[in-house]
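Note that the chains are named A, B, C, D and E in the order they appear, and that numbering of residues resets to 1 at the start of each chain.
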């Protein structure tokens, strides 16, 4: 028996009569890097939003470690260990890199409502925060404001922040979107590195990334599951080739 | 396609360049982004700006359109000085701009989006609506839906299609392959080739080198708000090592 | 013994907001005239006037008053419009033991629950207005009433006081409708009033609300079936509404510029400065300053206690009032007059607006000892 | 027939009166919505321009002998030009900033304009009567409606729906709607957006002035007439959904009617009912009745 | 000398100045200034550090003022209990208003706070004890803890000063607490703050309630100081006034609102004197009538601030200092 960490059962989402996600049954195995791909408008982001409770499903079920979390609140979900990072690089621009990471750690101290305490009580967390920054090669930038970081580093910072929350399951929405080639390489390696002992579900258009590090790929089209399997299986599937990869040789090699 | 004027401009150094930028400086607020950018695009050419994130490629296009905070230097479009003109007047020199994030209007239907940009050229005739729908059949299918309800790829097509109508002969295209499925990227590539055949002048900003490489006649590489390298398509092979270090391609 | 060798009068009123027309800069001018009429000094000691705009905010009024008494050596305070500011200032004046002449506020609380030995409620109050207009109108045949009342303490007390008087005079009140302050449109309230078939629609409101009520009443032809009775009407309101719209309306006031030779003479001087005729409040400002200065002159001191004692002894006589006197509750008792607004045809010259119907003697116009809630008058 | 103890005919007349007031709300909130849509500015000065319109009508008659009908065109024109000047010299610099600044600037303008008029003309107000043509009243059976009020409803509906049509159904309207979303891009397409913005502001405030001229014969022309109204009109725009044209019109009329009914059943609450409606609507529909949440 | 020492000296000097102020300036006026300064600081806690623009703060300020006045004059409760009640009622109104408004964004949040504040206004307009437009008059100051007679202006001044300083320190602490950091994060990027599991609405709500409570404290003290409470304090123009104060002083700066409050209150109260002084100095008669033009002058200041000094006085000063005294 495979160890399934996240499972959806006939998950659907409708927007005013338009079905963006249609009866999706997704199974994510523990320890995998699982990619969700598909043509534009296939419903990948919507799917993510359903999993992280930014949207409420029209029907269907979401199970996390066997528990039904379909109607659990977003904050609660993240406390259970499902953490998402965003499609557009999203950091707290006017906090330092260190503070950015610390915000995530701070929650577990349970003092976040303590408006009478000094912020210095948080310095106990600095060590752990620095360790996380080191994991993504950002320790040199600890005192830099996030807004001043180069683009690729912001991504790294975001991943460090996400790691700080000790996720069991990380959801990454197009982690390499809009990045130059060098950064793509760095971030791909980073994802591979941090996947140890965790499960990662990501949306990605860059086939180099997908083929390089993903254990399993699910292809969505028009809201429904089109194909599933390893990169080799999926990339040879004629339906996927037609709907997504395109027909020429260039496409099979990956567009980027 | 009879309505299309069969102008096929041959790149020639005798004719006036479609776009000529010299010593361009640009600022966003206090931040000095472009330092001394020089760039020439001849009529009928496809030119690609390469560079890392934040190198200033988008800013270059925006500076041409007058959409930055402050700029100085010289910009000539079809031989006319543009640096001191208001943005809308620049468009009327025959420029079509496709912005970084597509800029589809959600309060307008697909067809309204398509018809929005006014005709900017007195002499040039753009494509007719019929021609555009012929080129992008999916747009025709969804012409009455709200613009932003389209999928990402369709939005991108719409963003390009709407500037083909206006008679603009100089197209500034910013990252049109961004975030698109490979199959759609290929379709866009074919579209660019068609436009090139029809004699449009195109300046592309691209992250996706493999998409841009077969399309462009010439390349400019930007770094820190400056042009650091320029070469033609024929030199591409020998420049690969350089590009590797500059862009990590 | 003039404190600080100068007699300082402080005047705090609405200079810039909703009530600035009936008092405001005109009030300042009137007080200046009073000072000039005293020769600008008393026994060689200069008379000075300080002016402040309270913008209808009680906190500004009271802090100004406090500061003037404490820091600037102000000897007497004249308070302008608005009950909230008046009550606040009365408290301060009592604390500082200085005479406080309240002109523009109508609340009877000043001489009842909140009465102090230092307050002189000078011009009018809601009781007197109700008494004058209510009883006289009933006497002239307006037996059934309906009130249009501003939803405010002032409107409520006007309505309450007048209702009691109407009933006592044998009339009936068929109902009332409360409207919010500064309502945008009065037609629907007026239609409700009209539907009651009352002969008289009592307008227990003031300023802009009154003006707009009258305007709408004319527009909807309500004035054809019922008569309007304005409970608090100033000449400025009639001027801005024109006689066309206000003709035939009853109103009670303490003074009218055209009432006699003395008032006309004074008004003429005022007109030369301000280019409009004075309201009763502005005349009362003049009178208050004059009477105060007279008292100071008589006893040769501006000590608050002594001046008050002197004021209690004397009769107030000037162009504003005849034989008025200060009662123990702080009420300055003088005659009130019931007027009716002229028709455009009757009006012979500019600002010729009112016909005198009858005088209401002071001892009948104001609240009686039996009704008073003032501890000092028991 | 009676409804809740109120005769049906009385109720009918109150509804009609509500509609008249609603017409003013609709016209004023329409202008606000147009301005908010394109300029991203919450135009607090709207009430001041409304007052200015009424005053211009009065001044036109008093100083130049220009009658109502002339001023119905000239008044909005003058105010429109004045608005355009303000837009060119001041508002222009605030578009990129938070709403707060536009609101505060126009609030400052309001204070100045009102203050100046108050110091010149006092607060009692000036009389202005309805034009000869529209004086008199018509008996509708359940009530006698002054002709002038009927004209107000008519004129306002006409203006509102013309505006709505232009914005929703014409090319110019498409420019405006697109400009609302991304003015820079629209300008990059070759449309003179700065001019469009100036004209839009001018048009928006001219609408306010038009409402002001219409109001002059109904309520006393006074420097305070605008500030009494503006908060309510804000509420209307917010209930309708910020920037929604149709929302502004429909909500304006509707709230006039609701207010009218409140005047019958709970008169002292008639100034507050708008805010009650606003709170309820915003709690249930965060972006207002016709608005889209961002 | 390092920066910290300079700051400490500055604060020390300032402290001495406020201690000695009643010698030179009228104490009741000073107390009024303190109340408004605290009010503006409370408002700034919300807009400057949480990014929420409330247009309903008058409800807390005035509401608490009425409740305190009611407790003191009609219930005859001791002054410290009354102040506490006022503060709590500010917090309570804040809790109710906040619960309804906090999920709304941007201008809709602003407008819903305005709407709810209008209802609070209506309640106090109608409530019999509040005395309509006359207001709640004749509120006694009472004795602090049953012994310290507050009817003496100077005594009251030091009590008010102590409370105001304590409240100001509390605000400073809130801003620099773990909670304050989360608020900052929410202000910077709300969706991002949700993902670590912060229930942002609850954080915003707590910030709103804290701001309301401190605004309530300010209003409560004002009633004690002046001895009455009127509708002015619950009217929407009061909400506008506090926005103006904060803006003039500098949004999101700790001391800005204080400076702003002082300037605006001075303007309201002393414009006439300023005008007379100007007239005397310049011999231009027009200045004498400046008193009647408070609104015109206020409007003018608004316009100038928005166009030229958007960061407010303290903000602009800070920016100047930063330019000329590089910190590193």
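Assume a contact is a pair of C-beta atoms (placed from the backbone, for glycine too) under 8 Å apart; a residue touches a chain by one contact, two chains touch by 3 or more.
The model shown is predicted, which means the values in this text are computed figures rather than measured ones.
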Both-way neighbours, i.e. chains that touch subunit C and touch subunit B: D
Touching subunit A and also subunit D, the following chains: B, E
Remotest chain, subunit D as reference, centres from CA atoms: A
Chain pair with more C-beta contacts, A-E versus B-D: A-E
Chain separated most widely from subunit E, comparing mean CA positions: B
Geometric centre distance via CA averages, subunit E-subunit D, whole Å: 33
CA centroid of subunit B to CA centroid of subunit E, Å: 53
Euclidean distance of C-alpha centroids - subunit C vs subunit D, Å: 36
Per-residue overlap in subunit A, given as positions that touch at least 2 other chains: none
Multi-partner residues of subunit E (each touching 2 or more other chains): 126, 292-295
Overlap residues in subunit C, where contacts from two or more other chains coincide: 16, 20, 151, 181
Chains touching one another, given as label pairs in label order: A-B, A-E, B-D, C-D, C-E, D-E
Complex contacts: residues of subunit D adjacent to subunit E: 42, 90, 93-94, 97, 99-101, 104-105, 107-116, 118-119, 231, 234-235, 238, 242, 268-269, 271-272, 275-276, 278-279, 282-283, 286-288, 293-294
Sites on subunit A touched by subunit B in the complex: 18, 38-42, 150-152, 174, 177-183, 185, 205, 207, 242-248, 250-251, 254-256
Partner subunit D, residues of subunit C touching it in the complex: 16-21, 151, 177-185, 187-189, 191-192, 195, 207-208, 211-212, 215-216, 219-221, 236-237, 239-242, 244-245
Residue numbers on subunit E that touch subunit A, as the complex places them: 170, 173-174, 176-182, 184-185, 188-189, 191-199, 202-203, 206, 210
Residues on subunit B engaged by subunit D in the complex (per definition of touch): 65, 67, 86-92, 97, 99, 103, 105-108, 112, 115-118, 120, 163, 166
